[in-house]
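Per-chain numbering from 1; labels A, B, C and D assigned in written order.
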Amino acid sequence: MNELIRLLSYMIGIAAFLGLNLAYLGWVERKGAGHFQRRTGPKEVGPYGLLQPLADGLKLMSKQLIIPANADKALYMCAPILIMVPAVLLFVAIPFGEHLVPREFNFGLIMMFAFASVGGLSILIGGWGSGNKYSLIAGARAVSQNVAYEIPMLLTAINIVMITGSMDLNEIIRQQGSYFWNWNIFRLDKSVLMPVSFLVFFICSLAETNRTPFDMGECEGELVAGYHTEYGGMGFGLFMMAEYANLVIGCSLTTILFLGGWQSPIGIWPGPHWFLLKMYFLVWCFVWIRWTYPRTTFWGLLNLSWKYLIPFSLVNLLLTALFIKVF
Amino acid sequence: MSSLAQSHLRETFELNIGPQHPATHGVLRIKVVMDGEYIDRAEPILGYIHRMHEKMGENRTWNQFWPNMGRLDYLSAIAYNHCYAGLVERAMEIVVPERAEYIRVITAELNRIQSHLLGFGAYIMDLGGFTPLMYAMDEREQILDLLESVTGSRLTYCYFRFGGVYNDIDDDFITGTRAFIKRFRPQIPIYHKLVTGNVILMDRLIGVGPVSAEMCRKYGATGPVLRGSGVNYDIRRNEPYSVYPELDFDIPVYKECDSMARYMVRMDEMVQSCRIIEQALDKLPEGPVMAEKVPKALKPPKGDFHFAVEAARGTFSMRTVSDGTNTSYRMRLRSPTYSNVSLFEEASRGMLLSDALAFLGSLDPVIPEMDR
Amino acid sequence: MDRAKIKRELENLAAAGLPAEPVQEKAPVEVQAEGEAGGKEKAKKAEEAPRKNGLIETEYAKRGAHLDVQINPDQVVRAAEILDGEGMTLEMVTGVDWIKDGQLEVIYDYSHAGGQLFRVVVRARVDRNKPDIPTVCHIYGGANWHERETWEMLGINFAGHPQLEHFLLPEDADFYPLRKDFKP
Amino acid sequence: MSGYFTDIITGLKSLAVGLQITNKEFLTKPITLQYPHEAVKMTPRYRGHIELIKDPETGMNKCISCGMCEKGCPSGCITVKSEKRPGVKGKVLTAYILNFTTCSLCGQCVENCKPGAIGFSNEYNLASTRREDYIFDLLRKLHPEGIPEPEVDPELLKKELEKQEAAKQAAAAKKEPAKKAPAAEGGELKAEEKS
């Protein structure tokens, strides 16, 4: 019975956390974009435009759902739902605090990667199912991009597993003790390239979430809106929300693996607030980057992956193995 | 033969870029035959905003044709004003007062900066960076305010008149312009830091869309496209009009022939325009701004006349055939974008889609001017 | 670029074109005679008549061109070749409808792309009922669009043009708007 | 190989510089003008739609209904309606209709106007969903409270009446040659112009 109540409260909690994030990250992004560009961003609906997400949501929900004539109906309909599933599901494994975790899996890391790759699949389904050439190109791009970036990402994750000897996310955090020099990003005694490794992981999570400068899938300059060109109303809304959900997941994972999760950087009051602080800082960096850089080309992106990220993560893997053996 | 050998049967598909597409800033349509991500053939299709300005020139009096000049290239309308004024003044042999000529140059150069600023911002937006556009817009607003205070309009200027300009400039405008230049100069290095030096942008522009000087010649491409191909050709220098010979400025030329070169030409031209404006303000003589005795009902002599100016996008020239009446017998507008974009079909062959759009943006097309 | 050479060659070209039309063979003599006679009315009449083939050196400051040459329609390709060899660029192609003479005039504007100030205007007149003129597309790629537009607006048929399709006007346009007898 | 690492370093540096610039902009105040809450100040030379100018002495417009604005307009968007009233010098403007939907704000009409009866207004925030809202009667705009009647000059009225009477008499006297009546009218007009 107790377990049931616990599960129920976690479900409600996650749903609330997710909903709040999806709505207000959009607001944060628009407000941030505004201020990066010498303007103010949304400010008319509610104080500081805080009710803007509600207005947007209402607008999207009240729109008519149109299925294009030559779309594959089933695929077209299931793509936006499919993209939300892993995003929501993965919250189950994220340890927000030492005891604030819905379910501790001892293979949490693997699960994260396994489900995250469903996102790429749903983009392909959405792109293919729309029956639109722009969407199709975007879908193909997004998939090959995801494939290219999962390699360095996994290599980096293996690195962490080698250091901590565990795939349990909470265990990984626990091993990075309090004080920030114990975080994996600064574990120079395990491999001197750990900060670089963090950068690699960060870039990969940028690419995984399909955000500028790696938004090849939806680059509005070339492919109109990429894989969600044909989606309107809540279909589009789900794609947009999934982007933010993936953003939160990606940043959470980076926080867990490299920045010590809920551990305190100064040794006092460890808890979920540190987790959220670190995660939102990374989210902010994502927003910041988005409104600073232009988009890369597809070749530029693959070049980056194969010429820089993969060699670096491989070298790092070797170094870690060496360090662990020697020291 | 292995089944992995490349098949000669290529599967291509057609893709429409435009007429309503975020990559084209107007209603340009490009019918692209794609082979995967590569372009097999890209055919620009024009005419979505065709308004037959040339016919309008035939059934309006010379004075009545003025407002059309603001509606061709809405971004550098003053250069177009300049061309029309020069054309009819050449036909009528009207001598323009010196002050008016200086005012013409000052406003035309302000207009050029404004046009390049928007070109810069919109180009980076094409490449996915939205922020530089807003910074460029901020500076551009300052210019629009200045030009509004003297011409009365913000975009579709109808400011020049045969024999001078419509309004004299006042001290507020002069101090405002000087203040603007003072404010604008330090902005350019910031743009270069934020955008030009960015490794992502360099990766997208360097070596993309090569257009050789010979190709420019064959297609009649002018302006930053030609100067980005290493040809030092600028009507302001090579075919001097107005008071440009009295002013000291450089023509930026880049030899790389790629999109980056064209982009850099525009950026450097803004600096040169600042120089021109400063000198013109220093040299600004007193006197009238309209020639005396310009008849209200103009009747240029018979014959055909030609005049060319350097607009923001290249050589804009007009040819008119006058039959001695109060309307033109034939008015021909040669717009730079028309020639510049005509080389797109040949140059874009075999390009990646994203490169082709970076290339198209570097040609900086303004569609109403192209369609006329 | 050799100005004198361009002038000489174009002059020769225009002269070579003269005997091709038997009507025009007589005409220049006639005009000259009239000019010498100095009769006011006759001079006016000569002005009214369509221009004869030949090269005129115009004053740049007054006309905006240095050389103004009128040739036969079949010679425009040769003229383009001469000018192309000298590094000139084709700036625009356009046409004028001389409805009174029953002719259409095609005007080619050449300028020097290398930066020297030298503008050449090449004109050719075609019959209004049979407006055929060879294309210069294969020499100047840029002529493609200009010729296409001239065909569309004035109905001048550029023989050998790869793609004489509607361009600026709607696809079903069956009129030539820049012709003087066009009534919208 | 060294090029490989310098590429990475310069690349990362350029990216960092970009972030620095946007961050600086983030911390400075936005420069946008909150339009509906704050008004834009227009320059005095701003060319809005044209308007009739009130003569401060008489409180009337200065238009003499010559029609030069109508003729000079490239888009033909001006219609001047006027009529002759007894006892008033010249023609009286009854309506000055501007079809703003086709106006290109070129200012030819203002330049062509010899008496300086029209000028540019400073109105910029015109908005409507109906086309008819942009067919302005500028005379009505000038006098929103009602178009005042032009002052009748009693002397002129008397003269005119006399002339009309004379013309009538002349017409009655020479009834057969009807052709001469227009001549008399012409004379009347000329006299008016002189006065």
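As a convention for this text, a residue touches a chain if its C-beta (ideal position, glycine included) is under 8 Å from a C-beta of that chain, and two chains touch if they have at least 3 such contacts.
As the structure is a prediction and not an experimental result, all values here were calculated from the model.
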Remaining touching clusters (ignoring subunit B, no chains moved): A, D | C
item: Per-chain Cα centre nearest the global Cα centre, belonging to chain; value: B
item: Label of the chain whose CA centroid is most distant from the centroid of subunit C; value: A
item: Chain pair with the higher count of C-beta pairs in contact (A-B, B-C); value: B-C
item: Geometric centre distance via CA averages, subunit C-subunit B, whole Å; value: 28
item: Cα-centroid distance, subunit A relative to subunit B, in whole angstrom; value: 43
item: Inter-centroid spacing, subunit C versus subunit A (mean Cα positions, whole Å); value: 65
item: Mean-CA-position distance for subunit D and subunit B (Å); value: 32
item: Junction residues of subunit D, two or more chains touched; value: 15, 18, 21-22, 25, 31
item: Residue numbers of subunit A (touch at least two other chains); value: 36-39, 291-293
item: Category of the chain touch graph - line, ring, star, complete, other; value: other
item: Which pairs of chains touch, using the document's own definition; value: A-B, A-D, B-C, B-D
item: Parts of subunit C lying in touch with subunit B, wherever the complex brings them together; value: 47, 61-65, 87, 89-92, 94, 96-97, 107, 109, 111, 113-117, 119, 121, 140-142, 144-146, 153, 166-170, 177-178
item: Contacting residues of subunit B [partner subunit A, same complex]; value: 13, 15, 21-23, 37, 124-131, 134-135, 138, 194-195, 198, 200-201, 203-204, 352-355, 357
item: Residues of subunit A touching subunit D in the complex; value: 32, 34-40, 43, 288-289, 291-293, 308
item: Complex interface listing, subunit D residues touching subunit A; value: 8, 15, 18-19, 21-23, 25-26, 28, 30-32, 34
item: Subunit B - residues contacting subunit D, complex; value: 60, 63-68, 70-71, 131, 135, 138, 145, 148-153, 156, 158, 166-167, 190, 193-195, 197-200, 296
